[in-house]
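The structures considered in this document are given below.
Each of the next two complexes has chain A plus one other chain: chain B in the first, chain C in the second.
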Partner chain A sequence: MRRVAITGLGLVTPIGAGRATFWKNVTAGTNGIAPVQSFDTSEFPVHLGAEVRGFDPAPFIQSRPAESMGRGSQLAIAAARLAVQDSGVDLAAYNRRRVGVLMGTTSGEPGMVERYNDIRKAEGLDAVPGEMMPKYPCHVIPANVAIEFDLRGPCLMIPTACAAGNYAIGYAFDLIRSGRADLMLAGGADPFSRITYMGFARLGAIAPEKCQPFDRNRKGMVPGEGAAILVLEPLDDAQARGATIYAEVLGYGVSCDSHHMTAAHPQGDGAIRAMAMALDQSGRTIEDVGYVSAHGTGTPTNDRVEALALRTLFGDRAPRVPMSSIKSMIGHTMGAASAIEAVACSMALHTGVIPPTINFQEPDPDSDLDYVPNTAREAHPQVVLNNAYAFGGNNSSLCLARPV
Partner chain B sequence: MSGTPKIFATGAGVISPIGAGVDEFAERLYAGCRGAGPSPLLGGDAVACEIRDFTPQQWLGNKGIRVLDRSARLLAVASQMTLSATGLVQPETGEGDPGLGLVCGTMFGSVHSITSFDWSGLTDGPRYVNPMEFPNTVINSPAGQAAIKFKLRGVNSTISAGLISGLYAVHYASEFLIFGRATALLAGGVEELCEESYLGLRKTEALSPRGEGEPFGKERDGVVAGEAAALLMLEAESRVRERGVRPIAQIAGFGTAQDAYKINGYRVRGTGAREAMEQALEAAGIGADAVGCVISGASGSRAGDEMEALSLEALFGARLEGIPVAAPKAAWGECLGASGALSVLAGVLSLERQAVPPTAGFRETPFPLRLSAAPQPFESDYALVTACSCDGGSAALVLKRVR
Partner chain C sequence: MEHGTVTAEEIRDEVKRLIAEVTERTPEEIGDTASFTEELGVDSLMAMEVMVAVDKKWKINIPEEEFGQIRNVNDTVSVVQKHLGATA
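Presenting the complex of A and B:
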């Protein structure tokens, strides 16, 4: 089995695009949440969203007009281009059959469903164009990335909702370590969607004023959008070409609560099993873990269960393991979330700095752990866990390490 | 991969336009039945391979059915059948095996559920949408619902790669077993018929105007939309031995490649499909000369079928005319994300019976392919299953007979 390095980080987020801007802002505690602009929220009880404002896809997309695809694909291609640039790889030097793309998403291209209904309402069903076929199915996102960069190897979407980014990075890791690919672009993408917004609003899950994960007075999550792509390659190749190695992928774990479509298992059963599997697959123990990137949506239940899961698995060590949620700044970017968080984890390993949980004012006596409140911290973790949970009871944990 | 554990299919479940349950499915497939006909679900003059009079209660009882959309119901039925067939139904009491999971291929998920939820918000207002319907708007909802219903606590993944999704899911699940992240996995695919995906197929002129899919046929003019759910139970060799069960086939090798050409069009002279087939043979440790039959993903698409035929010619050369080929989408239509899983099941049946199923309604082909409207016998331990997608993705899987 080959060791697998992360050598390129590209992303588009509510607090900026590109590795350097994102990292500067996420460690400065920048808030990316504001009233929604992309649709009218006057009929909603809540108004906050984490949008990527002023995103212009045109400079990133060279193969075709940007309008020929949905926003999910546009965000993904932009992230991919930034990642490829960041990695310094020369794609022309590769056998294209051994270069692929793996993505995760919650909704894929929901804008196509929204347009379908808008046209149907305004002009009737006969006026709806046929784009449901070529532009909607979620696999068009990686397929569009493949066309843009002429990638001819494995091309796959793993739509496991809000845990999907981890699934995609994990499977890309499998493909490289087992020798079936030499370079993989892996990550997640989700555009801002009124469908998602409407659903979470109806569940009463959206925070009215701010996103404050793990705070005693937390009132909910904030839907967001974005994309992140990580460049994965064999560690040996990365070293040979003198690449910057941000992190090494050690392994991952996944599980299903098989309990409820939207609510976490009350004791965090699946979350615990996913973390344990990730550590076991990585040949590491809880003692090695120096940082946990929390799913940390900001809903009362999610955060309580997540803290309980950490406490159960890590025991007495739990309060000494920093665990932060960057969703406090960028909202919940759905299928992109764990990919963006994997970028943050890679940078935490690379720079030694852990991003904070902002808006943290009052500890929750039920879940009092170290959430890196409000200010980034120099902590030099050697091994980190990136946790992501999803509708359908899906749980995922990705284990990354500082390369040695 | 050599030195890695062998992965076996130990049972299957299927609900399709030509029949429900492996026995009925097999009987009708080999009898040359076709699922196409007027579609009550789509209404109007639509012709489709619909699962007519679908009554999930027959398999699932009444409990908990209401919240499941059509995709989730189809997948639940196939799950129930497969778990029963393999003796892996989890007990009512107790937590269930944490190593038992599900990998589901799909192309659209339930785009009907997603569209309906949005439509409700658009017409009634966002405060009046039904919160119970929101979970159905995630693409992995059918897999999540099945996990809750059947206590599937292991990996619960959904795989989307267009028309190769079902084939890819079988491979992805095999990998999870090889890497030791699961002990037994349901793997396959689901796709429902609905007006939204049907409209997409119709308006992009993918559908046969005659309502007759004629895979590889001389007169082919498009596909017939279909729906289905099909699953295999996959387990590693050690566990198969431990449980003392008899496998139905071995998953011997897989390959995949992208032509990275268009998002909705085949590169007819592309090399991706051939590359995927070669990779699958190499992974299985065999040469093209060991392949006894081909279960093709050809659907009636003019460009797609030609691309696949050219790829088979390139791979097998002059030997191609001696290899029985079946294109069973003639029977169940284009089931999109479920197609690959149905094809794998047809491959398993072919090896068991040492005969490929008919390509129902086959008349004439412009390609040097041995197709027939009747079953075609062969003698071999290996079947090659292929799938090509209109977004440039191709996949192939080698199945090995278990004696």
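Presenting the complex of A and C:
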């Protein structure tokens, strides 16, 4: 089995585009949450969102007109272009049949569904253009990335919702490790949309004033948008070309609670198994883990169960393992979330700094752990876990390490 | 493109055109020393748009850290020239 390195990080988030700006802002505790601008929220009881504002996809998309695809694909291509540039790989030097793209999402291209539905409602069925079919299904996102960069290897979308980015990185790791691919772009993308907002608003899950994961007074999550792509390649190839190796992928674990469509297992059964599986495959133990990137949505239930899962698996060590949620700053970017968090984990390993959980004011006596409150910390983790959970009871944990 | 034939003025004109485009101004409004972030309101997304456009135009690859240090048109011209020189 080949070892797998992460050598390129590209992303577009509510707190900035590009690895360097994102990292500066996320370690400074920058808030990217504000009243929604892209549509009218006056009929909702809540108004906050984490949008990527002022995004002009045109400079990033060179193969076709940007408006020929949805915002999910536009964000994905922008992230992919920044990742490829960051990695310094020369795609022309690769056998394109062995270069692929693997992505995660929650909602695919909801903006396209909304657009065609608006047309049908306003002008009738005959006004809906025939181009609709290849615009909205979620698999078009990696396909658009593949066309943009002429990638002819595996091209997959894993739509396991809010845990999907980890699934994509995990499977890309498998493809490289097993020799089925030589280079993979892996990550996630999700655009802001009325339908997603309505869904979470109707669940009563959206926070009214701020996102404050793990705080005693947390009141919910905040929908967000964005995309992140990581460049994965064999570690020896990365070393041979003198690449910056941000992190090594050691392993991953995925599980299903098989309990409820939206509620987490009350004892965190699947979350515990995913972390244990990731550590087991990685040949590491809880003693090695120096940072956990939490799913940390800010909903009362998620955060309580997540803390319980850490406590159950890590035992007495749990309060000594820093675990933060960058969703406090960028909201819940859905299928992009765990990919963006994987970028944060890679940078934590690369720079030694771990990002904070902002808006943390009052510890919750039920789940009082070290959430890196409000200020980034120099911690020099050697091994990190990136946790992500999703509707459907999908759980995923990715284990990354500082390259040695 | 033959790198040796690119003049500083050509780079300057193209950079001003790109900055004007992302900030919705005319190239004439972009001063050589006007601060991108403070005077022209360039955010990280606009900066990345300009970076990929510059990289594509001259077939260079300016690392993000280096691009992040750029404050104005004059800086951009110097960095582009440096990278053109390195690949020439």
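The definition used in the following text is that the second predicted complex is superposed on the first by the 403 of 404 C-alpha atoms of A that agree within 3 Å, B and C clash if a C-alpha of one lies under 4 Å from a C-alpha of the other, contacts with A are read in each partner's own complex, and residues count from 1 in each chain.
To be clear about the criterion, a residue touches a chain if its C-beta (ideal position, glycine included) is under 8 Å from a C-beta of that chain, and two chains touch if they have at least 3 such contacts.
In this text the structure is predicted, and so the values were computed from the model without any measurement.
Of the two partner chains placed by the overlay, neither chain B nor chain C lies in contact with A:212.
Once the two complexes are laid over each other on the shared chain, residue contacts for A:82 go to chain C alone; chain B is not touched. More residues of chain A lie in touch with B than with the remaining chain of the pair chain B and chain C. In the overlay built on the shared chain, the residue A:62 is in contact with chain C alone; chain B does not reach it.
In the superposition on chain A, A:259 contacts chain B only, with no contact to chain C. Once the two complexes are overlaid on the shared chain, A:359 sits clear of chain B and of chain C alike.
Shared-chain residue A:7: touches no atom of chain B or chain C. Using the contact criterion defined above for the overlaid structures, shared-chain residue A:17 touches chain C, although it does not reach chain B. Chain contact summary for the complex, chain C toward chain A: residues 22, 43-53, 55-56, 61, 63-65, 67-68.
Chain B contributes residues 1, 96, 98, 101-102, 107-109, 111, 114-115, 117-119, 121-123, 125-127, 129, 131, 134-135, 137-141, 143-145, 147-148, 150-162, 165, 168, 172, 175, 179-181, 196-197, 199-204, 206, 256-264, 272, 275, 391-393 to its touches with chain A in the complex. Contact residues of chain A toward chain C in the complex are 12, 16-22, 25, 52-56, 58-60, 62, 78, 81-82, 85-86, 88. Within the complex formed with chain B, the chain A residues making contact are 43-45, 69, 96-97, 100, 105-108, 110, 113-114, 116-118, 120-121, 125, 128-140, 143-144, 146-147, 150-161, 167, 171, 174, 178, 194-196, 198-203, 253-262, 269-270, 273, 277, 281, 390-394.
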